[in-house]
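These notes open a run of structures that come right after.
Both of the next two complexes hold subunit A, though its partner changes from subunit B to subunit C.
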Partner chain A sequence: MKLPPNVSEADFTAALKEFAAVVGGQWLFTTDDDLYLYRDSYSPMWDEADERTASAAVAPDNADEVVALVKIANRYRIPIYPISTGKNLGYGGAAPACAGSVVLDLKRMNRIVEIDERHGYVVVEPGVSYFDLYNHIQEKGLKLWIDCPSPGWGSVMGNALDGGVGVTLAPYRNHFEAQCGIEVVLPDGRMMRTGMGALPGAKTWQQFRPGFGPRIDGLFKQSNFGVVTKMGFWLMPPPENFTTGVVTIPRFHDLIPLIDIIGRLEQSKIVQGLWMLSSPTTGTRGDAAHGGGAPKIDPAILPVLTDPDGVNMDRLDAAAQAAGLPFWACEFNLYGPKKLIEAQWECICDAVGVIKGARFKLNEIRKLPLPADELKSLFDVGQFGIPSLRTFGLGPMVSYEGEDVVGHIFFSPVIPRTGEAAIEAMEVFAAIARKHKLPYPPLQFPSSIFERAFLFAVGLPVTRSAVVNAKIRDVFRELVVIATARGWGEYRTAPAFYDLIMETYSYNDHALRDFLGTIKEAVDPNGIMSVGRYGIWPRHLRDAGKNGR
Partner chain B sequence: MSRRTKHCLGAGVCLLAAGGWALAQGATPPSPPPADMQAAAGGKIFGKWCGDCHSTPGGSGSQALQRKYRGDIPDILEQRTDLNPDYVRHVVRHGVSFMPSFRKTEISDADLSLVATYLAPSPGRADRVTKRP
Partner chain C sequence: MLTRRTLVGAGLAFAASACAGGFGACGSTAQRKPDARPIDALLIDETIETPPQMAAFIESAARTLPVVGLQLDAAAYAKLIGVLGKSRAIVGISSGATLFCLERMAWDHGFRLTQRTDHCAGDACLEDVAAILSGARALAASPLILVRTYRPSRADGMLHAWVMQKSASLPIRQGRREV
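Showing the complex of A and B:
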């Protein structure tokens, strides 16, 4: 029997018996076969002594059962680790952050508690996936759209609690920012509601985020202060139309004014859809920019792109000019009434038009929803608020260092939203990719998913070889050092790196980590809740955290 | 032939939609349901959990199987005639390549059996298999 840290076999056995009495024996999992299902399929420590595996899992059906389970865990001081749908692949899967924790699997709690078309919100339980919510809206014929991350099987709540992101309009893309109102079971088993939800019978729980007094919702993002049992989210009315507009600019360094101009348009709320950079010069994909397929690489450019010493951007720029190709393409997703799309596009053209040689193409404005057959043929449908799993077909790295690749871990730094930073990050990460023979395209592009900064996510391969995984962990550490030295921090990470990344947020001798530790002591004195998550440890287990740095 | 089934709201509702008899794990159905009802229920569960990756040529699972078998066997699971139920159960509970394992709170043992039977070769099965051109 695998035991949680600092828990005796007698106590653990007694607690498991009490857990079973709450949920029914079939929802308590203790056999090796069952616990295998709570391993992270994409773990970069698979089968190693340090892999973080569960000692048991328990799956309640409702919030009352959660309260009962938390009280038992608190009494026996058993670390519990709540997950919603547990599909946090690339950032930890369904596995706990601290080995030996009991996973509290909330997938069975899959009710859509309330959905309100008039005010545009939904209240969900943890187990509601993006597929579930989308299908519910379709079945009821509600005039609402959701914003989903690339994989649709994740939890609306779990994704937000991990800081996840989607791809439609700016106010909805950052999922924790789109939440309004949390119901949470605190480590002592007491239930609390945030914001207006603290007022019994509140009529505006999902309509007024600030509430009264300090706004504490953020304490439940990437933390370990409670089990969230309900969460409200703002949804958007379905846009009437969609199209993409493509801007091309000729020179490599035109990127700098381009990003500044787009930034101003975004800050003015003129550009609200996602925009994607690509480079016709380097043959990167950009659906609308290139009529669906990747453009062929010009034969004169190929030798520059495949130079074993890396791509020299000045040479590439010159080769692109000689070939008459624009260096950059930028594709804007545009939503809304036709006249709004046209007006937005006019503003974009006026603003970007100051860059010499800029060219513009607005694609056909299409009425939504698009016909089902057409949707089927698209690579992705997330931009239409439709969940899918098509992202898994995105040319996965098949092998690395002779080993089959079975997944990814994401290195996800946030960099300034400037052309200078984008160029620097491209060069820095391309150099690392070359050094470690990671098969990435010669140019990787920052993502505009956040509103004011770029995300520069890099997927590193995970295999079932401990040797190759150890190498990848070293590459990850190297990336962290390089990024930190430049003032770039990660927005999110996998449990294997929680402590490493928390260590980088060290301003004033770790004032932030110490403050979080103080809160941890106060709200979870027995240290049972999501122990170690995002580098927040209870006092008696802090050594475990130190080992992870 | 596209057998994509609409995802249904939450696991609980899906069980009901599956004819009311596909009980949660641990419960025993009073008597075995007729084979065609089983196939329909298995198909629904397959549609909910597997369809997005495995029911169309462009699905991520189909693409992975295309890479693996290079067209020697169909890459759409419902077109295969070589899948034995134990193998299906094993893959769902252990994952393979990029496909992660699925927990019992997602696909219960009872549901998994229905999916395994649905994908397994059976006398009636040849009818619903579309041969590749």
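Showing the complex of A and C:
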């Protein structure tokens, strides 16, 4: 029997018995076969002594059962680790942050508590997945759209609590920013509601985020201060139409004015859809990733792209000019009434038109929803608010260092929304990839998913070889050091790196970490809740955190 | 010319008419060994290129059990959940990438992967599936560690024939619930 840290076998056995009495024995999982499902399939520590595996899992059906379980955990000081659907692949899967924790599996709590078309919101329990919510909206014929991450099997709540993101309109893409109202069971077993929800019988819980007094919702993102049992989210009315508009600009350094111009358009809320950078020098955007075979690259450009010393941007720029190819392409997703799309596009053309040689192409404006057959043929449908698992369609890269690749971990730094930073990040991360022979595209571009900063996510291969995984962890650490030195911090990370990343947020001798530690002591004196998550540890287990740095 | 998709689609349409009597009515094939545990559905990955024999195979399989085309999208998800809810054992052919997703969705419905073979060619997978459907190959009693180690990839060109069976654990995901 695997035991939680600092818990005797007798106490653990007694606690499990009490857990079973609350939920029913069939919802307490202790066999190896069942606990296998709570291992992180993408763990970079698979089968190593430090792999974070659960000692048991328990699956309540409702918030009252959660309250009872939390109280028992407190009495026996059992670390519990709530998950919603536990599909956090790339950032920890269903595994706990601290080995030996009991996973509180909330999948059974899958009620859509309330959905309001008039005000555009939904209140969900943890087990409601994007698939569930989407299918519910379709079946009821509600005029609502969701914003979903690439994998549609995840939880609306779990994704938001981990800081997840989607791909439609800016106000909805950052899922925690699109939440309005949280119900949470605090570590002492007391239930609390945030915002207007604190007013009994409130009629505006999902309509007025600030509430009264300090706004504390953010304390429940990437933290360990409670089990969230209900959460409200803002949804959008379905846009009438969709199209993409493509801007190309000729020179490598044109990226700098381009990003500034788009930034102004975004700050003015003229550009609200996601926009994606690519380079015609590497072929059509995403061809290979979309299963359409390798992109067609101009033969004159190929030698520059495949140079073993890395892509020299000046040479690539010159080669692109000689081949008559623009260096950059930027594709905008445009939504809304036809006249709004046309007006947005006109604004984009006017603004970007100051860059010499800029070219513009607005594709056909299509009425939504698109026909099912057409949707079927697309690689991704997230931009239409439709969840899928197509992102897994090809799977991860096949092999690294002679080992089968089974998944990946994301290194996810946030970099300034400038052309200068984008160019610097592209060069810096490509150099690391070359040094370690990582499977990496010749050019990788930052993502505009956040509103005011770029995300530069790098997927690192995970294998089942401890040696290769140890190397990847070293590469990860190297990336963190390099990024931190440049002032680029990670927005999210896998449990194996929680402490490493929290260590980098060290302003004024770790004032932030200490403050979070103080809150932890106050609200969770026994240190039972999601121990170690995002580098926040109870006092008695802080040494475990230090080992992780 | 039949494309693979129309082919799977045809198989599905056929299955729907052949199995109008419901799942239970389709649980065994004519050639099945009498003591073999019935397979409740055949799942075919629609994202892979499959050999021409697949057409004939699906058509014959569809006479006796539902054939479900697997796509990694919301509509297919709803269909899949329906199949998992009514089945105790399912057999399929897919890439590692699709199997990876399917396996995890099936876990939530109480299923475990209990058999898996790996082939570069689709017809070898067909043979495996045929053997399982006819009962010539017995179903494993419990999940084997070995069946879990496969590449979750389509890019490697590998196809897998597999079996998933309901385990002793209850399905943790029930139907969607509204308050």
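The rule is short, and it goes like this: the second predicted complex is superposed on the first by the 536 of 549 C-alpha atoms of A that agree within 3 Å, B and C clash if a C-alpha of one lies under 4 Å from a C-alpha of the other, contacts with A are read in each partner's own complex, and residues count from 1 in each chain.
Convention: a contact is a pair of C-beta atoms (placed from the backbone, for glycine too) under 8 Å apart; a residue touches a chain by one contact, two chains touch by 3 or more.
Just so it is clear, the structure is predicted and the values come from calculations on it, not from any experiment.
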| item | value |
| --- | --- |
| Fit-or-clash call for subunit B and subunit C when the two complexes are aligned on subunit A | clash |
| First (subunit B), second (subunit C), both or neither touched by A:T244 | neither |
| Partner chain(s) touched by A:G152 [first = subunit B, second = subunit C, both, neither] | both |
| Touched partner set for A:Q383, first subunit B, second subunit C, both or neither | neither |
| Which of subunit B and subunit C A:E114 touches, first, second, both or neither | second |
| First, second, both or neither for A:R464, with subunit B first and subunit C second | second |
| Which of subunit B and subunit C A:T484 touches, first, second, both or neither | neither |
| Touched partner set for A:L37, first subunit B, second subunit C, both or neither | both |
| Subunit A positions touched by subunit B in one structure and by subunit C in the second | 26-27, 29, 33-34, 36-37, 41, 59, 87, 105, 107-108, 110-112, 127-128, 131-132, 134-136, 152, 376, 388-390, 392-393, 396, 398, 404-407 |
| Subunit B-touching residues of subunit A, taken from the complex the two chains share | 24-27, 29, 33-34, 36-39, 41-42, 57, 59, 85-87, 89, 93-94, 105, 107-108, 110-112, 127-128, 131-132, 134-136, 139, 152, 376-377, 388-393, 396, 398, 404-407 |
| Complex interface listing, subunit C residues touching subunit A | 47, 71-75, 77-78, 95-98, 100-101, 104-105, 107-108, 112, 142-143, 148-149, 151-156, 167, 169-170, 172-174, 176-179 |
| Residues of subunit A defined as touching subunit C within the complex | 26-27, 29, 33-34, 36-37, 41, 59, 87, 105, 107-108, 110-114, 127-128, 131-132, 134-136, 152-153, 291, 372, 375-376, 381, 386-390, 392-398, 404-407, 464 |
| Complex contact set, residues of subunit B against subunit A | 6-12, 24-26, 48, 52-53, 56, 58-61, 63-64, 67, 93-95, 97-106 |
